[in-house]
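You will see two complexes here that share chain A, one where it goes with chain B and one where it goes with chain C.
Here is the complex of A and B:
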């Protein structure tokens, strides 16, 4: 449809290309506007502070961290170039990386998918004429404004392994369980509890962003579609989805990055256990650095995480841009 | 197209950085307690700065030091117990360490790189000062043949606390219960049959391994030589201990240890329906904070030996003041350390339920007249061994606790989990 519209659009009229004669000031031609030149000093004034910020806060830390991954940081951060020794050491025991990597994929994949589904559903609901939607809008934002550590502590209390825990207490109250379940002590349950905590904390952000995108879609489009006989599903796929898709991809990417580097929730709830079932790359970096003092391996793994995040972000933003072009 | 690619790449980098900039642990609770202007010395502390009796004592001692002289002004920084290693590494690597830190002796080996030895200071004080501290205490402050601080407190986490009411209701005699593993299991089964929670055992994370060591010692492991840790923990006897501890959960005699850390264990024990729980001499003040009524029901004894009349262990740790590498004022820091470990300070430590490190105080009425302190003192004297310490101990504990978690949650059989842990340990 958009392609058709583009074809029908008349080609923009280009201004006449100045001829050589015109350029030389032939009679009848418009004088060429004088090109304003910006002095180096002006450039420095306008771009200098920005460059300082960019270099100081972005380029330098990245460069330093990437260099450190090739340096002898194990020796009290001596920073002497050491080639790929840190990476070599990191991959000496690949089994130590496989489980955290797979756990990371599960944690990111499931939590982002769930947050997007819940967030989109919530946004659709709040975009209707639902009674009390303003109250719901505020209430549903509540989880998002709580600091991550508090969220983790809250979920630790909810999933406490005795009947004093809110969830166990509730299940016992309604007669589903007799004995408390050790949710955080079970490798079968613990990964899903941290995902649940992550989704609970993250979905309001998705919801509010998608709600903003939904509200930017003109009502006239829905009215016209209704006149043309389009039902709710058709309206959703032909109007709503294209309208929110760029934001959907963007918040999905951001949520993915948040989940990818999530540390506090996991550290407070399970510390990567039990039996390594919730160990992710971020907790592994922390453990290598602060608990084992294996700085070289830690910075090498952190550098790999950065590259992974960069690749994933590039992929999803490219996807978003391609979608816009389509 | 190229321009679009550049924009895309830049956008990606900025997005990743914006999101990952805050990556890492949340800084939790580091704050300056003191409104005083910074003096020559900054004291970084962990649990002393907590709002507990010892926390109050610490601040009182600091104030006392500041009032006692004019040359050195001490300011304090509150470092939560769990953050002390992270803070120490961070501050030394960043070149801005505190002048004094309070750490556990078992963390000396893994943190020695970030501390400076204080043998010269000890030497300069003379024999009288050196001999004032007990042998056990000085051993706690020693690593690799060097002294790394002044110990101010000794303790063991391996006293066995019990709830008198629960045991009475179950018909269990505590001393009979801790006479052997077999009798202990039988007692736990009795408590279970009476409808109570028999015991609590912790394995939620690697630090909880400190509650496991002494069971292996009772099982025959000799954990006095770091070079032998791996070998000692991988004997058939240690596998037997591993299986015994695993079966405690698999047979329903303890709630899932893989989900229990110290705070949860103490909360559950304080609730009053648990038979046994191993903990240190500070336990009553901890439990009291949850439920003061537990104090009337508390009794204490020792861990059970494997066989009747056999040996059992009590891993000894405590607290010492040490000077980080790169401290700007090591001499002044030493003066503060001496004040914090004076006879008066040690007596006040003992009054707070901690075993002092000065022989004079250890043998004084302050300890002798307190049956609980005397009990823990005897445990250390007769069954004490330094809590395992080595530069690889963090990874060691993580591997072993992970294997234990795998066994109790039936991801692996106890034998396989133990063998898998030993394979990894041998690769350290």
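Here is the complex of A and C:
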């Protein structure tokens, strides 16, 4: 009761000097009133630009797209609300969606798994006292630096369907094949070529993240374990793995998200072919919208992709957090 | 792993277990072999790119394959520079990538400073939305941007590419910069403010110079992401004078007028500056990426 009265009394003063309230707590001790307070102007300067990006350049377009997925977008201008018509149209022939969905699962699943294995292996190797360690690390990061389009171009040339292609030429030289294999022209092989290109481009990022995680594990833990008689395998499972597991899951999730939305690799290598064997959801959306001009279906499928990404990320990050609590 | 115990053991030589030295030398050889294999996987494609680029036309596409050119030549590089619109394409790419990187880094410097110095309870929400931005499938963004830019008359302009690039590089940049700005002691800018600087002045005169390498790394990273971008360029630009490098490369694939040797020469001209730039900022870039994950 007395509390309320006390609050009422200084109230008239407050609006005049809203920022002074915090500083009165310790008036004479130190001259730092400015540091303790955040004016609205400061907030606008420091957070304003980011908010413009997050709200104006991400949230607004996304909201716009999500609304458009429930609107009539056939002429791209009217945007009248149309209920679930786009989604109905999208699911009229579910078989059309099954192949790109399964292709996406394989592309994301295999490329992330391979990138994690290679990246973790590389990180473990680099986290030792080898001579030329930094040189190795720099060189292993080169594939990550070059543009995805160039990565795809390079692998397209390596996997060329003639014996003039390096991979065919190599296999012929060794005697494994006599006639050139059309790697990118075969529905059996093409999906693995795009995965190969993706892994080559993506594993360095995984490696560098996991290397940082490994270096953050204190040496004392290993010393103590060695004193207690724990062998290399036991140390890996008891110290190394728990130490990197949260970042392992996080990096895997990020790689998965990047692979899920990957477009350039596939567009340049195969354009989704042959016979749709490398068509994934991202390339499917692009084709529906920009090539077939089925705008409604495209935007509905894109919205579903977003939902899928959200669900998968939540699931995996939960996993990561649970790993932390173990 | 044996490798890790080595490090631990070496710091305390007195406690070295008996078997250690032997397993270490065996382990080291094995590790070099494995690393060499990984290096082959990472670098052989580059080697093939270089070899193809310096091959004379007659040796580029033969059966059986010619692994090393009889007379290395620069004719492919000359052809690329004269035949294609390479200088203009590079200029476009640099304009887009540098503008996007400049804007993103500026946004990120301000926001990262704000998050590390002024943030209240809303910091968590902001951090989560930065991560959230990574989840957006690019194709989902392309569609609304295409519709919006059509209405604004921005389709087929470099400005459209700058805007779309900033939309996803600014959040990453903020995330990465947080670690660098967070590391600068708060006492530094507090002292500057007591000396009469405004907050912005303190950031510019004290914090920014102290976090210089981090800012450079983040600038490079956003520059790289914008340079790599392909889907927006493909969807939002059409005329040749607005073509960026990724789009130009992709459009040359499968054209009979452009040989593989020329394409690989183009690849080298694109890749080499990026690799050199990367080596210049590698250290802080890696630190920033790692910190971004840990934070």
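Definition applied: the second predicted complex is superposed on the first by the 272 of 326 C-alpha atoms of A that agree within 3 Å, B and C clash if a C-alpha of one lies under 4 Å from a C-alpha of the other, contacts with A are read in each partner's own complex, and residues count from 1 in each chain.
As a convention for this text, contacts are C-beta pairs under 8 Å (C-beta built on N, C-alpha and C of every residue); 3 or more make two chains touch, one makes a residue touch a chain.
The shown structure was predicted, so the numbers you read here are calculated from the model rather than taken from an experiment.
Colleague: Once both complexes are superposed via chain A, do chain B and chain C end up clashing or fitting?
Modeller: Aligned through their shared chain, the two binders clash on chain A.
Colleague: Using the superposition on chain A described above, determine whether A:274 touches chain B (first), chain C (second), both, or neither.
Modeller: first
Colleague: Taking the superposition on A as described, I'd like to know which of chain B and chain C A:105 touches: first, second, both or neither.
Modeller: Once the two structures are laid over each other on A, A:105 reaches no partner at all.
Colleague: Tell me the contact category for A:318 with respect to chain B and chain C: first, second, both or neither.
Modeller: A:318 sits against chain B, while chain C stays out of touch.
Colleague: Per the contact definition in the header, classify A:264: touching chain B only (first), chain C only (second), both, or neither.
Modeller: Both partners, chain B and chain C.
Colleague: Which of the two, chain B or chain C, is in touch with more residues of chain A?
Modeller: C
Colleague: Between chain B and chain C, whom does A:43 touch in the aligned arrangement: first, second, both, or neither?
Modeller: second
Colleague: So in the superposed three-chain picture, is A:236 touching just chain B, just chain C, both, or none of them (first/second/both/neither)?
Modeller: A:236: touches chain C, not chain B.
Colleague: Look at A:204 in the shared chain and tell me whether it touches chain B only, chain C only, both, or neither; answer first, second, both or neither.
Modeller: A:204 sits against chain C, while chain B stays out of touch.
Colleague: Quick one: is A:291 in contact with chain B, with chain C, with both, or with neither? Answer first, second, both or neither.
Modeller: A:291: touches chain B, not chain C.
Colleague: Figure out whether A:184 sits in contact with chain B (first) or chain C (second), or with both, or with neither.
Modeller: First partner only.
Colleague: Where along chain C is the clash with chain B: 20-28, 110-118 or 128-136?
Modeller: Residues of chain C that run into chain B: 128-136.
Colleague: Is there a shared patch on chain A that both chain B and chain C touch, and which residues make it up?
Modeller: In chain A, residues 58, 62, 76, 147-149, 160, 162, 164, 254, 257, 261, 263-264, 267, 282, 286, 289-290, 306, 309-310, 313 are touched by chain B and also by chain C.
Colleague: Report the residues of chain A in contact with chain B in the complex, numbered from low to high.
Modeller: Result: residues 58, 62, 76-77, 93, 147-149, 160-162, 164, 180, 182-188, 253-254, 257-258, 261, 263-264, 267, 270-276, 282, 286-287, 289-293, 306, 309-310, 313-314, 317-318, 321 of chain A touch chain B.
Colleague: Going by the contact rule at the top, pick out the chain B residues touching chain A in the complex.
Modeller: 4, 8-9, 11-17, 19-20, 23-26, 28, 85-86, 89, 92-93, 110, 113, 203-206, 255-260, 264, 267-268, 271, 391-392, 394-395, 398, 401-403, 405-406, 408-409, 411, 427
Colleague: Going by the contact rule at the top, pick out the chain C residues touching chain A in the complex.
Modeller: By the definition above, chain C touches chain A via 1-12, 15, 17, 28, 31-32, 34-35, 38-39, 41-43, 45-46, 48-49, 52, 60-65, 67, 106-108, 110-111, 113-114, 118, 120, 126, 129-130, 133-148, 150, 163, 166-168, 170-171, 174, 190, 193-194, 199-200, 224, 227-228, 230-231, 234-235, 245-247, 249-250, 253, 260, 263-264, 267, 270-271, 274-275, 278-279, 282, 286, 289-291, 293-294.
Colleague: Hey, which residues of chain A end up touching chain C in the complex?
Modeller: Those in contact with chain C are residues 31-32, 34-35, 38, 42-43, 45-50, 53-54, 57-58, 61-62, 64-65, 68, 76, 118, 121-122, 124-130, 136, 138-143, 145-150, 153-158, 160, 162-166, 168-170, 172-173, 200, 204-205, 208-209, 211-213, 216, 219, 222-223, 226-227, 232, 235-236, 240, 247, 250-251, 254, 257, 260-261, 263-264, 267-268, 281-282, 285-286, 289-290, 295, 298-299, 302-303, 305-306, 309-310, 313.
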